[in-house]
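Both complexes shown next keep chain A, but they swap its partner, so chain B is in the first and chain C is in the second.
Up next is the complex of A and B:
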């Protein structure tokens, strides 16, 4: 094994596949940022690229790229850990490889069609072949079916591997969650003419994926990552995975109610949504106790500084993005004015970055370490400024964007909703106020900071550990 | 069912919501440290943070016109933030002791 050199011989079959998923994820991450910057510019100069690349398309690609790159990251992470966790080779490796290429080809075709067929009448044909028209899950019906098939292949690969090998607490939770990931997507695949009912099911995909199944996936990946980078006790990590899943699902599933406030569903959703939304941040806060306990009782040495730094960024990002910025406007009394405004966008940016982008980046660093033959990645690695600056610029850029969007969102909620009564005229009036415009200008500036962090991150991922012949520091098991 | 926030209270309500979660985390942090280091002043700091949380829940309840059912939500929030860190601490000690004894 040649340390410091990229070689697939360092990797298992599943991990080789994971590298492919990670590579596409990084490309889509870059696409997300690029289209986000273009859409941001269109807020400032509405005529920019008008009828060439319309705002509606830019925004759609920006959001879809985010959903898909995160999904690619998660799938890669699970392929990465499955063989080590099960203790056997990946079952159905050829099928898994085929699934990857089919999914990637489908994503490419979908994006190209988005870009080449930007406007036109909405018909059953356009729904099947161009754009389904549902916000965030715009992929046409043929691609929806393809996504579910690919997820089922993925489910087969993972569950069959665990069935052939050994089960663990992490793998049990993971496999059950994969059923929900594939199953819940079905809720976004049928069309109902009643908008309220339509939105009711649509939120099952959006909310349940993000605030239930993805959270559980991340919990599993985090649990495995902590065992590998810190040498944390498997028994303790597994126990806490169960506790966290119970707490998250306990408040998260019915927290769905905060999306049902304004879509025409019965009034009891105010009660259900308000109650469970109020409790949603409690598990995040309570987990601070466990973090303090572990850092105080154990003295860990870690095997991968950049990965651990991104795991820590995940803990903080999840807390601030989902917890603080979520609870600011989740109760119906205030959400009446803030929902669907730049305020929601502010919360969404920080929550997605904090909860999901960070943990995917941590797994990319774990991947690159092994791809380079378990190269040393602890203190004093060469060019460590790159990962540190990448992390700083990405976090700073995202924080800046979040605050700028919050300022615009506050102005929008105030002028358009509270004072203007959410009329069409008030919608435009709010977007011309000085505070709104300045917020959008600053969002763009922080967007450039974020993009520069991404460039640095990609550079670092391509070069970190190159030529370093020191072997990885093995994490020491917890001291009690 | 509910009375919307007053226009002039929107900022106050949003800030109070954010501060509830921040004080909740500060309470959990100080509480865990006080248990870990067995320092009395940290326990006082923890309950000081909880007092801050309580004040912000009251501000939120007032600004969001949380009457009737919403009073129960506010009280449940307070109880949840108070007890959850203590329960997690007990679970932490329990799971680690059980692991050590193996």
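Up next is the complex of A and C:
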């Protein structure tokens, strides 16, 4: 097949599956942004879609679409690299394909129920079949079980492939991490009346995913990506990966304590959570150093410019979003005023985008390159303004939203908590102050900027490399 | 080129494994202790037994801990009916399940966790928004059943949608919120000003 033309014959079995995962991921990414815009608009015009698609519904779809598209991106990325890394064909390809369709069908049903049924009566049946009402993991219980089964199939495919082929540092870390990702999900699959205990376990899923196991997972993807795009030395990249795992889990596991300041748990979590979460930015600094150093050593000569740009965006986005914006309000003395305010959403937006959206987008570009027969994607590609503008608009839009939400958050914590006595009246007073409202208006404007970046990104992903017959520029090995 | 010992792959693999294992063990030990401390009705008193809804709930500033702590006062049965621990558990459970089924967390926060479109519900039972102690219970039930007509937006246009909450569910939610307000949250939310109640100190 010729270079520049889309063809599955360019891809391995795992990579063909990865393209399917990526496609659903992009659709869900678009859904995330659409429902985010609707929810954002409701802050400005509360009557908008009132009792049709209420804020709670839009927000639930917004955050759930995010979690699921990122998981799809990760699963796709792992299917993408597994065969090259193991040196053998994917084990259990038919089962993997079935897993994809079952999972996608389940996600579709869950979203349709979210949108058209929305809520149910106060019985356990509602939690089993409509939604579980727990932020981020709202998926009803039947879907939880389905997700676990699909993850087990996925785990079988990946670990069996590595077992049949060869292991590497990257694949070892990856497989152990997948065990933790799947195992931790179980902590979110039961109902309990005691809210303190419920939230204790709920954070095992949320925190241990996004601030520990997902970080390790993207560390593996990043390591592989730098080898592929830059030709970075595997030995150095693997050593860095181990350092990052040590720092990440060394700080992140007990960093969990910053969620245990106010849920009824004992006061020693102030010390444990404050101390270890203050260390959480350290591995993220290491990642920035790692990415920039490797790029510098190779003088930025690489096989895929958009992908490398997004890998570097990931390194910085992870550091600023998860590291700086997380640290900013992680100490209990500050968190007492900021917990449960727009500070959290400011941090949440930049962290999820910076740490996870970016690296998934990088992998999408790696995907499209090979799908077009390892087409040339280095300097002087046609229409390169598209990927550059998409990257700029997405990063700018997200930065704008983050800062706007932070200003609203400052206003909220000051008026509602510090001055107002944290009552309902104080809450609503804060929500109506001019600077809070201005923050929300600007968040919406930057949201449109972000959405325009996404449209451009999708257009670029569909067209980049089309008709280009130059072969991919092979990365040069480092001069170590 | 020979790798110096501190940059060797092997060393860092071992470091990663040992650190992860050590931190996991510490977390498990702390989890065991914390779960014991937050058992409902447990001896630490951080999370109260469900039958606490039979009593009045106050907040008192604890000088030693330098934060307000919940204090359980005289008998003040919810909806005028004293419940056993089992009955109280059943009612609070019904209320809690209803808050899940109606996706309350999609707009509100509980213990500060959830969405920020509507007020935190941790101490909503004690919120001055309910006017006075005497009318609070009924006002809460009326509000939950028809939040649009009884909107409490304090001058804002934001209002809770009608979530088809039944009379039984509304009573149960109020029970759950009363119990929730007794959790010792280490002073969160900061500076909370409760409703004035009989016997206030």
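Note that the second predicted complex is superposed on the first by the 462 of 480 C-alpha atoms of A that agree within 3 Å, B and C clash if a C-alpha of one lies under 4 Å from a C-alpha of the other, contacts with A are read in each partner's own complex, and residues count from 1 in each chain.
We adopt the following convention: a contact is a pair of C-beta atoms (placed from the backbone, for glycine too) under 8 Å apart; a residue touches a chain by one contact, two chains touch by 3 or more.
As the structure is a computational prediction, the values presented were derived from the model and not from experiment.
Specify the partner with more touching residues on chain A, choosing between chain B and chain C.
C
Who does A:474 touch here: chain B (first), chain C (second), both, or neither?
In the superposition, A:474 touches no partner, neither chain B nor chain C.
Once chain A of both complexes is superposed, is A:46 in touch with chain B (first), chain C (second), both, or neither?
A:46 sits against chain C, while chain B stays out of touch.
With both complexes overlaid on chain A, does A:427 touch chain B (first), chain C (second), both or neither?
second
After the superposition on A, what does A:379 contact: first (chain B), second (chain C), both or neither?
neither
Who does A:274 touch here: chain B (first), chain C (second), both, or neither?
After superposing on A, A:274 lies in contact with chain B but is clear of chain C.
Please indicate which partner A:337 is in contact with in the superposed arrangement: first for chain B, second for chain C, both, or neither.
both
Applying the document's definition of touch, where does A:324 land relative to chain B and chain C: first, second, both, or neither?
A:324 contacts chain B only, not chain C.
With the two complexes superposed on chain A, say which partner A:265 touches: chain B (first), chain C (second), both, or neither.
In the superposition, A:265 contacts chain C only.
Looking at the overlay, does A:288 come into contact with chain B only (first), chain C only (second), both, or neither?
Once the two structures are laid over each other on A, A:288 reaches chain B alone.
Enumerate the residues of chain A that count as touching chain B in its complex and touching chain C in the other.
Touching chain B and chain C on chain A: residues 235, 239, 243, 267, 270, 336-337, 418, 480.
So in the complex, which bits of chain B are touching chain A?
1-5, 7, 10-11, 13-15, 17-18, 20-22, 24-25, 27-29, 31-33, 36-37, 64-66, 69-70, 73-74, 76-77, 80-81, 84-85, 87-89, 91-93, 95-96, 99-100, 102
Which residues, counting only chain A, touch chain B once they are in their complex?
Touch residues, chain A against chain B: 233, 235-236, 239-240, 243, 267, 270-271, 274-275, 278-279, 281-290, 292-294, 296-297, 319, 323-325, 327-334, 336-337, 410, 413-414, 418-419, 480.
So in the complex, the part of chain C that touches chain A is made up of which residues?
1, 3, 7-9, 12-13, 15-16, 19-20, 23-24, 26-27, 30-31, 33-35, 37-40, 44, 46-47, 50, 65, 89, 92-107, 109-117, 119-120, 123-124, 127-129, 152-159, 161-166, 169, 172, 180, 183-193
Which chain A residues qualify as touching chain C in the complex?
It comes out as residues 39, 42-43, 45-47, 50-51, 54-57, 59-60, 118-124, 126-127, 130-135, 138, 169, 173, 191, 193-197, 199-200, 202, 235, 238-239, 242-243, 245-246, 249-250, 253-254, 256-257, 259-270, 272, 336-337, 339-342, 344-345, 412, 417-418, 420-425, 427-429, 431-432, 480.
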